[in-house]
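Every chain is named by a letter (A, B, C, D, E and F) in the order it is written, and numbering of its residues begins at 1.
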Amino acid sequence: MSLAPIEYAAASPRVRAVYDDIMATRKVDWVNNFWKVLAHDPPTLERLWANLRQVMGPGALDPLTKELVYIAVSVTNNCRYCIASHGASARAKGMTEAQFAELLAVTGLANETNRLAVGYDVPVDERFR
Amino acid sequence: MSLAPIEYAAASPRVRAVYDDIMATRKVDWVNNFWKVLAHDPPTLERLWANLRQVMGPGALDPLTKELVYIAVSVTNNCRYCIASHGASARAKGMTEAQFAELLAVTGLANETNRLAVGYDVPVDERFR
Amino acid sequence: MSLAPIEYAAASPRVRAVYDDIMATRKVDWVNNFWKVLAHDPPTLERLWANLRQVMGPGALDPLTKELVYIAVSVTNNCRYCIASHGASARAKGMTEAQFAELLAVTGLANETNRLAVGYDVPVDERFR
Amino acid sequence: MSLAPIEYAAASPRVRAVYDDIMATRKVDWVNNFWKVLAHDPPTLERLWANLRQVMGPGALDPLTKELVYIAVSVTNNCRYCIASHGASARAKGMTEAQFAELLAVTGLANETNRLAVGYDVPVDERFR
Amino acid sequence: MSLAPIEYAAASPRVRAVYDDIMATRKVDWVNNFWKVLAHDPPTLERLWANLRQVMGPGALDPLTKELVYIAVSVTNNCRYCIASHGASARAKGMTEAQFAELLAVTGLANETNRLAVGYDVPVDERFR
Amino acid sequence: MSLAPIEYAAASPRVRAVYDDIMATRKVDWVNNFWKVLAHDPPTLERLWANLRQVMGPGALDPLTKELVYIAVSVTNNCRYCIASHGASARAKGMTEAQFAELLAVTGLANETNRLAVGYDVPVDERFR
C-alpha cells in the first residue's frame, strides 16, 4: 500500500514551504516523488531535506562527486528509485555516460573484492592501522 | 581458518610476477595482505589484479574519485579490511580528513534515504525514465 | 521463471492442511501468495509456517511490535513483497499511519548511523561489553 | 586508520555543547564513543545528534519499541558497535533478556522469509495493493 | 534512465566479437540483455565476459554447482535479473525444481542463522581457527 | 554484551537433549558456540536445530553442495562466525582448498555482476520469463 504523492496544490503551507525551498535551491519548477511521498510525514520531510541540503552542497568534495557516491551506495543497496533520481541529478551536474560506466565498473568491482577480503578473512596490514 | 599471507620470498615465480607488477604500478616496495592471501589461488590473484588495474586507473573519472567510491561501497558492505586499504590508497592520492568526513556523511545519508524510498515504495518519476 | 501460486482447489491434502491452519490462525478466509508459491515445496511450506507461528505469536513482545520489526528488516533488505504483506499484517493489528511513518524514520536513521559507526571504525565502549 | 575519540576535556566549545546536551537528555554523566569519534566532524556531530533526538524520542511509537527496531536493523546490517550501543539503550529502557531473544528470533526469521519471497519472485497480492 | 540493449546488427565489430564468443561458448544463437546493455561500455563488456568464462567454467567445482552458488548470492542481494538469468543457466545445466527449492531453503536459512550469530555476537570456537 | 556459551555440564535437560542430538547427528563429541549461546533461549535452540536438520540433510542436493551455498551466503552477508563454522563443516564433508577458492571466486563475481545488472537496470529477457 504505497502512499500517493502529494501535489503542490493539495499541500499544506508547511509542506509547500519545503517544496518551495527544494525548487529554489535546485532552480527547477517541479518536485520529485520522493519528497511528495515524504510529505505525508512533514517532520520527516523537513528533517530529510535539511540533511540533504547540508550534506550534498559544496564542501571539501564537489557536488558531482557526492552524487557519484550516492549512486554507488544506491546501486549496492539495490534502490531503483534512488539510482534513477540521483542518476538524473548527476547528469544535471555534468556526469557523462563514460563517467557513469566507470562508476558502475568501480562499484561492481568493489562489491567483488569486498567479498574476497571477507571470505578469506584477510588480516588488516600493520601499515594500514 | 584464515590462510597465511604468502611473502615474496616464499612465492612462486607466477605469484612474484604479480607482486612485482603491483609494486611497480604503485611505486612502492611492499604488497598488502589482500594480494598475499589471494596468492594461494594464482588464477584469481592474476585475474583480480588485472581487473583492478583496468578499472581503477585514470579514465573518465580521476583515480581519487574512484577510491572514494570504493570506500563508500566498502562502508555500505561493512568490509573492514577494504575500508582500511582503500582509505590508505585514497589518502595516498590526496584525500584530506575533511573529504573523508564528507564522504562518510554522504554514504550514511544515502543509506538512510535508500530505505525511505524503498519503505514508501516511491514511484519513479516520469521525468527520470 | 516464477512459479504460479497454487490455489486451494488445486492443492494436495498436505498443502490444504497448512492453508486451513493459516486461515484458522488468522481468522481470515484467504491465503496470501507467499504460501501459495511455497506450496510447490510442501516440506518448506510446513516448516516456514510452523516457524512463523512459533516466532510471531504473543510472547515477551506483543504481536504488533514483532510486525514492526519484520517491516524494518524487510525495508533494510529491500523485499517489496514482505513490506506489503507485513505492512498489511501490522495495519490489521492496529498500526497507524503515524506509527508506520515513525517506523520508517527509525529504520532509515539506523541505516545511516550503522554506516558511520562502521566507516569510522568506532571502538566499542568498555561500558557496553 | 580509526580516529581517536575526543574526550570532553579536549573538546571545543562547539563539541562540548553537543556532549552536554547528550548527557542532559539521557540523564547520564558520560558520552559514548560514537559521538566522541564524530566530534572530529562537528557539523556531522550536530546534525546526527539533532536527528537522533527528533527520531528516537516519544511519539506514535514508544522509545523502547524504537530501540528494538534500531537493533533489528543493526543486526541485519551487521553493525557490531550499533548492536552493543542500542542493546545497552534498550536495556536501560527496560528490555528484558526474553524480549531480546524474541527480537533476534523475529529478525532472523524475517531475513529468511525475505529471501524466499525474492527467490520465488512472489507476486504481490491484489489485496495488499 | 536505462540504456537500450544493443542488438547484434547494430553492434560494432569489437562488441560483435564478444557476442560471437558468448554464443559459441554457450552453443546458443542469442545473447541475453545483460551483455547487450554492457555493450555500451566495450571495455567492461570484454572484461566481465573474460571473468565469467574463467570463473564459471569447469574446475574443482562443476558448472552446475557454480550456478547454484550464483543464484544463492543473487537471491541474498535481491537481484531479480540475476536470479532469472542464472536460474535459466542452472536449468539448462540440469537443475531440477526440487534442487531449486532446496537451494532456496538453504539460502533462506543461512540468512536467518547469519543474523543470530551476529546478533548474539557468538565467539568463534577455538577449533574453527 | 554477549552471552556466555552454556556448557553441557551447566545445561538444563531440555538443552542437553538438543546438544545430544547435535553430537549424535554429527558423530562428534562437542557442540560449537552457536548452539551454546542459543541455549539461553531454548525454544529458539530447538527450532533452529530442527530447521537445520531438515534443510541441510541429504535431498535433491548433496550435503557438501549445501554447505558451499551456506558459505556463499555468509560471505555475502559478512558473517565471520558463519564462514568459520560452515567452512569447517564443508571441509569435514570433503571440500578441498581448490574448491573453497573457486567458491569465493564465484561468490565475488556474482556480487559484482549483481550490481551491474541493478545499476544498468537491465530488463529481464522475454526468454527468461
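By definition in this document, a contact is a pair of C-beta atoms (placed from the backbone, for glycine too) under 8 Å apart; a residue touches a chain by one contact, two chains touch by 3 or more.
Quantities reported herein were computed from a predicted structural model and do not represent experimental measurements.
Note on connectivity: the fewest chain-to-chain touch steps from chain B to chain F number 1. Shared contact partners of chain B and chain D, listed by label: A, C, E, F.
Where the sister copies chain B and chain C meet, the same residue numbers recur on both sides for over half of the interface positions. Interface comparison, E-F against D-F: more C-beta pairs in contact at E-F.
Taking each chain's centre as the average of its CA atoms, chain C and chain E sit 27 Å apart.
In whole angstrom, the spacing between the mean C-alpha positions of chain B and chain E is 21. Within chain F, contacts with two or more other chains are made by residues 1, 44, 47, 51, 55, 76-80, 84, 87-88, 98, 101, 104-105, 107, 109, 111-114, 116, 118, 120-121, 128-129.
Those residues of chain F lying in contact with chain D across their complex are 1, 40-41, 44, 47, 77-79.
Across the complex, chain E meets chain B through its residues 1, 43, 47, 51, 54-55, 128-129. Chain contact summary for the complex, chain C toward chain A: residues 78, 84, 87-88, 91, 97-98, 101, 104-105. On the chain C side of its complex with chain B, the touching residues are 71, 75-76, 78, 80, 83, 104-105, 107-109, 111-116, 118-121.
Those residues of chain D whose C-beta lies close enough to touch chain C in the complex are 2-3, 5, 30, 32-34, 37-38, 44, 48, 51-52, 55-56, 59-61, 65-66, 68-70, 72-74, 76-77, 79-82, 84-88, 96, 98-99, 101-103, 105-107, 109-114, 116-118, 120-125, 127-129.
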